[in-house]
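Across the two complexes that follow, subunit A remains constant while its partner is subunit B and subsequently subunit C.
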Partner chain A sequence: MFRYTLKRLVQGLITVWFIATATFGAMHLVPGDPLSGEKAASAEIQANLRAKYGLDKPVLQQYFVYLGNIARGDFGISFTQKNREVNDIIREHFPVSATMGLLAILFAGAGGVLWGALTALFRNRLPDVIIMFLVILGISVPSFVMAALGQLSLVKLNAFFGATVLPVGGWGTVRHMLVPSLVLGLGTMAYLTRLMRSSMLEIVNADFIRTAKAKGLPAARIFSKHQLRNASLPVVTVLGPAIAAITTGGFVVELVFAIPGLGRYFVQAVQQLDYTVIMGTTVFYGAFLVFMVIAVDLVYGLIDPRVRLQ
Partner chain B sequence: MTNDIRLSSRDLEHIAQERVVETLSRPSLSYWQDAWIRLKGNRRALISLYIVIALLAFTLIGPLLWSVDPSVQDLDQISQPPGVDRRATLVAPHVPWHGGEAETAAVDGLRIVGAANSQAVRLAWDPIPGAVRGYRIYRNIFPIGPEKAYGLPLVMSIAGTWYEDLLDLKPRDYYYTVVGLDEHGVELPDAETIEVTLPRVITIDEARGRGLIAADATPQLGDPVTLALHPLGTDALGRDLLARLMHGARVSLFIGIVAPFLYVMIGVAYGAMAGFIGGRTDAVLMRFADFVVALPFLLFMILFKVMFGLGAGESGIVPMLIAMVILSWPATSRLVRGQILSIREEGYIGASRLLGAATPYLVMRHMIPNTMGVILVTLTFAVPSAIFTEAFLSFIGMGVAPPTPSWGSMCNEGIKTMLTTPHELLFPAILISITVLAFNLLGDGLRDALDARMRSRE
Partner chain C sequence: MSKTPLLAVEDLAVEFATYGGRVKAVRGVSFSVDAGQTLAIVGESGCGKSVTVQTVMGLIPIPPGHITGGSARLRGREILGRPILDGKDIRGDQIGMIFQDPMTSLNPTMNIGSQIAETLQVHRGQTYKQAFARAVELLEMVRIPEAERRAKQYPFEFSGGMLQRAMIATAIACEPAVLIADEPTTALDVTIQAQILDLMMELQRSKDMAIILITHDLGVVARMADEVAVMYAGQIVEKGSVDDVFYRSSHPYTLGLRAAMPSNDREHGHRLHPIDGSPPDLFHPPVGCGYCARCPHAMRVCAEQPPATHAINTSGSHYSRCFLHHPDARDKRVPGIHYPEAGA
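Here is the complex of A and B:
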């Protein structure tokens, strides 16, 4: 277990290094450089700025400086916002994205397991048909349309009550977080429902269920203790990719609901060609995803003793 | 005890075969024939297949039948939902108004002077007591409720008691409100509101310029003309939505079909190579694939766009395609590698090798055809995700940029007018959803038909 964890962590570090290198390479293939857009800069000022940001050094040296900085957790200074460190930007905006993502995962996980179990319980009957229809909708409707519809329904809701029950945009209180997180989690919830349904149906005829029935356990106990628990294991395995999907989906939700998260910031940085912010955010998100997947794998090993971690 | 066995030469003769020992009860079917029969039995998959064909027809044949230029603006019909009244009345060209009232106060208070139409609305009102600093005029498209939201302020302060509104008038209901301003410039509590229904009008020159009346005809003022037809309405710039959807489908479906095709091909080649060579090469190749998988997909899609030197406003179909191919192949390659690894151990491969088959022959003749089902299913499921990616990128302004239409960029434009003209968002969104749904269900059907091991339990 310990050796496996160590091995995965080392692999994760190598992957992060690869992401950092790819980001660096991609940004250095860009025609022009970060300063070419600067207004009213004489040749001397440009040269000074280049020296300040280390852009006058050979690419290889820049690369090593960059790697060294990343290893120390320093992503540099924003190009477009004066005196703002990328670390500050991440520190300020990432918790917002993370909170929303966490809520979305909770919604998606709880909803997926619940709906999936329900559909399996009412197989081929009305609740199953209705839920599966909604699931297909959830998979087919793009996230930005969901976000738009979510916002529209908020407007209608507030108009109906004649007061701001749930704010249409912004961030701050739980009331702000509720609908954006729900919208963000819907796609994943649909996917998890499908997965849960098939895994429930798979074990409904398993030996241990038959044994439990033979022992005379009440149906509710079989359902909750044996069926639900075992069937929800596969849900844990896809949580890693689901976290990735939810972080990227977060961009759209943040844009539509005017939430000051890191995704919105990233899109803004790309539009302004703010190189250090783009690179810093990419590497940060990449590392976050890599280690989340590793964490999910390790947790899965703890939950399911059948999975041997080697 | 001994037994004498006497055999005559007759006993050693061949026995004539009297009956056919083994018959095939059904005609032999090839893998693909069998799959087709199973797919035909699946109603959902079949309907999805028809939808996909219809979508392709919509894109490829549609523009031939509906040959409206998607970038031409129809300024008479801006943000028109489908099915509106397209009749307009011919009027004389607009003459500026200087407040000379044609008829004096038949009604007290706020009134309309002359004929209000989509060309101009002329308002006049009696002086409001206490309005020392003049008047403020508002226009709303909704009735004024108790919250007194008067809408768009047309003019902040005007001294006279008349106003001519020419601003972006549409044939619809408007609610004009005039509020007096006291000596501090603060709005007085009493406000007068008037409701106006504007008929659509067009001048003769405009109508002739847009080809609505023949050049040699001599139209009279007051004659009706019918404006150009837009079956699905127009967008905020007056462009025909149907034509834009058809042309947008070209971009969306092009990326949605070509990108998966390319990256699945690359994935197949890579995975087949890794799986067949095996050993250390396999390990190295797969480790590299793992790295590429770990790259945060959408972040890198956006990075690639920056890398190709495209700003936020520039259209980048080809960069988007390349980026998608570069980032998406590993999943397929891993799948194909697994298939090849298991097929490699099959008996018929050994037999073929024994008969002297060379490696390229083995790969092309046995391995690729045997993984074809899996590849096809992967391809079908890759299409919706590629369409989603395109739509997502165009939506956040990182993909296809205006004026090139794509479903994603149309959604992006439509979401801005979501509350007043929802059709601009609705139509592209519905098309994206239908396409994604059709390909997903078709993928499910193909998986069930092609691969018994992957058959879904539904």
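Here is the complex of A and C:
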């Protein structure tokens, strides 16, 4: 188990290095740089600034400086925001995105397992048909539409009660978090529901379920101890990629609900070609996702003993 | 007055509704077992032997399954279709069951000890700790070495033979009166088969259990059984003691099975004689005898009327469902068929 963990961590580091290199390469392939904006100064001033920021050095040298800085955890200073270090931006705004993402994952995971199990129990009957219809909606409607619909229904809700039951936007309390997280997790929840449903249907006919019945176990125990755990294995498997989907989908939801998450800075930085912020946030997000996937795989080992020893 | 048998199944009929119509999988099967006795049900794949015992255990899914008739009585009390007596599930408690494929019959994400303990928790109200300790003892009883350590392991860490031992330990945990073994050795290799069978016989002796053994292996039958029921196309075609069925076979299908058995007998020239043809379509079971299309001794009447059962010995414990034993056909005298002695 220890060796396995170590191996995965080393693999993760290599992946992060790839992400960092690819980001750096992409950055330098894009025409223009942070200094050639609309406030373009004369050629001399631009050259001076480039020299000051080291942008006139050979690309390879820049690359090694950049790698060295990342290794020390220093993502540099923003080109466009006054006196702001990229680290500060991440430190300030990432917790917001992470909280929302975590809530969304919880919604998606719990909802997916619950609805999936329910549809399997009521296979081909009304609850199954209704839930599966909603699932198709959840998978096919993009998150910005869901976000807008969510916000609209919040407005209606507050108008109905004549008071702010749940705030329409902003961030701060749990009441701010509920609906955006739900909207963010909806697509993944729909996907997990489908997965859970098919894996439940498969498990119901498994030999060991027949054994459990032959042992005379009550249906509730068979469901909770034998079906649920085995059926949720595939769900846990896709949880890693699901986290990726949720964090990337988060940008849009953050924008609609005016949530001060990292996503906005990410998009802004790309528009302004703010080298340090783009590279910093990309590498940070990349590393975060890679290690979340590893964490999920380790959790998988806890649930499925067959994975533990390999 | 004859005493009530431990488990008696009478005239059981089961159908399955499928897209292609209704399959009449079991068409009037009767048998009974007593404590300490072993009944073997033999027959080829699809003859309804597994469906019969799974129906008794309440394991067939309803729908598509449908019990169209008959009864199953445990100590005289009806259990068919509702395996609950006095508010308790008899499955795992009074009747234990083991299955064909031990590799897939255990929960892959639960350790072996807990799976055995579960039965005791549910039926005996034991705590997990008590039950787990008992599970270790049971594993020792079925001769799993280092039972304490093994109990904490998972199915993927066990071999097929050991898994089947664990299955047996689970099935006998509550000391059931009846043990149903549905092809318990089919998935195991030959040396392990013998060990598993010996273990079952030993446990039967010490606990005075009745065993219903489903198999298509006549060698296993000869080794284990007291009584044999030969099934074909959803019916019992011949039933009797092991010696009766093996040495005084009175149904052409039983003869066919014996001829198809591999033997070391020089006389037979080491050749297998398969039964030609295939079993009848149970969507539309034949009007007459189910075996008639494959039977080398079939008469016109066999295709027209269902044969009745005919007693072969005086007590009627050995019987055959074949027209050859009809009084009008007795002078046909087919070689190999055992005919009833006078008076039977």
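One rule holds for everything that comes next: the second predicted complex is superposed on the first by the 296 of 310 C-alpha atoms of A that agree within 3 Å, B and C clash if a C-alpha of one lies under 4 Å from a C-alpha of the other, contacts with A are read in each partner's own complex, and residues count from 1 in each chain.
The rule we apply is simple: a residue touches a chain if its C-beta (ideal position, glycine included) is under 8 Å from a C-beta of that chain, and two chains touch if they have at least 3 such contacts.
Keep in mind it's a predicted model, so treat the numbers as computed, not measured.
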Looking at the combined model built on subunit A, do subunit B and subunit C fit side by side or clash?
fit
So in the superposed three-chain picture, is A:202 touching just subunit B, just subunit C, both, or none of them (first/second/both/neither)?
first
So in the superposed three-chain picture, is A:59 touching just subunit B, just subunit C, both, or none of them (first/second/both/neither)?
neither
Of the two partner chains, subunit B (first) and subunit C (second), which one does A:45 touch, if any: first, second, both, or neither?
neither
With the two complexes superposed on chain A, say which partner A:23 touches: subunit B (first), subunit C (second), both, or neither.
first
Mind working out whether A:219 is in touch with subunit B, subunit C, both or neither, as first, second, both or neither?
neither
Touched partner set for A:15, first subunit B, second subunit C, both or neither:
first
Report for A:141: first if it touches subunit B alone, second if subunit C alone, otherwise both or neither.
first
Using the touch criterion from the header, give the chain among subunit B and subunit C with more contacted residues in subunit A.
B
Scan A:110 for contacts with subunit B and subunit C and give back first, second, both or neither.
neither
So after the superposition, what angle do subunit B and subunit C open up at subunit A's Cα centre, nearest 10 degrees?
100
Just to confirm the geometry: in the superposition, how small does the C-alpha gap between subunit B and subunit C get, in angstrom?
15
Share the list of subunit A residues that count as touching for subunit B in one structure and for subunit C in the other.
none
Would you mind writing out the residues of subunit C in touch with subunit A in their complex?
57-59, 83, 89-93, 96-97, 99, 101, 104-111, 118-119, 122-123, 154, 156, 167, 170-171
Contacting residues of subunit B [partner subunit A, same complex]:
290-291, 294-300, 302-307, 309, 311-312, 384, 388, 391-392, 395-398, 408, 411-412, 415, 418-419, 425, 429, 432-434, 436-437, 440-441, 456-458
In the complex, the residues of subunit A that touch subunit C are 206-208, 210-218, 221, 225-226, 229-230, 233, 303-306
Under the stated contact criterion, what part of subunit A meets subunit B in this complex?
14-15, 18-19, 22-23, 26-27, 29-32, 136-137, 139-145, 148, 152, 155, 198, 201-202, 244, 247-248, 251-252, 255-256, 266-267, 270-271, 273, 278, 281-282, 285-286, 289-290
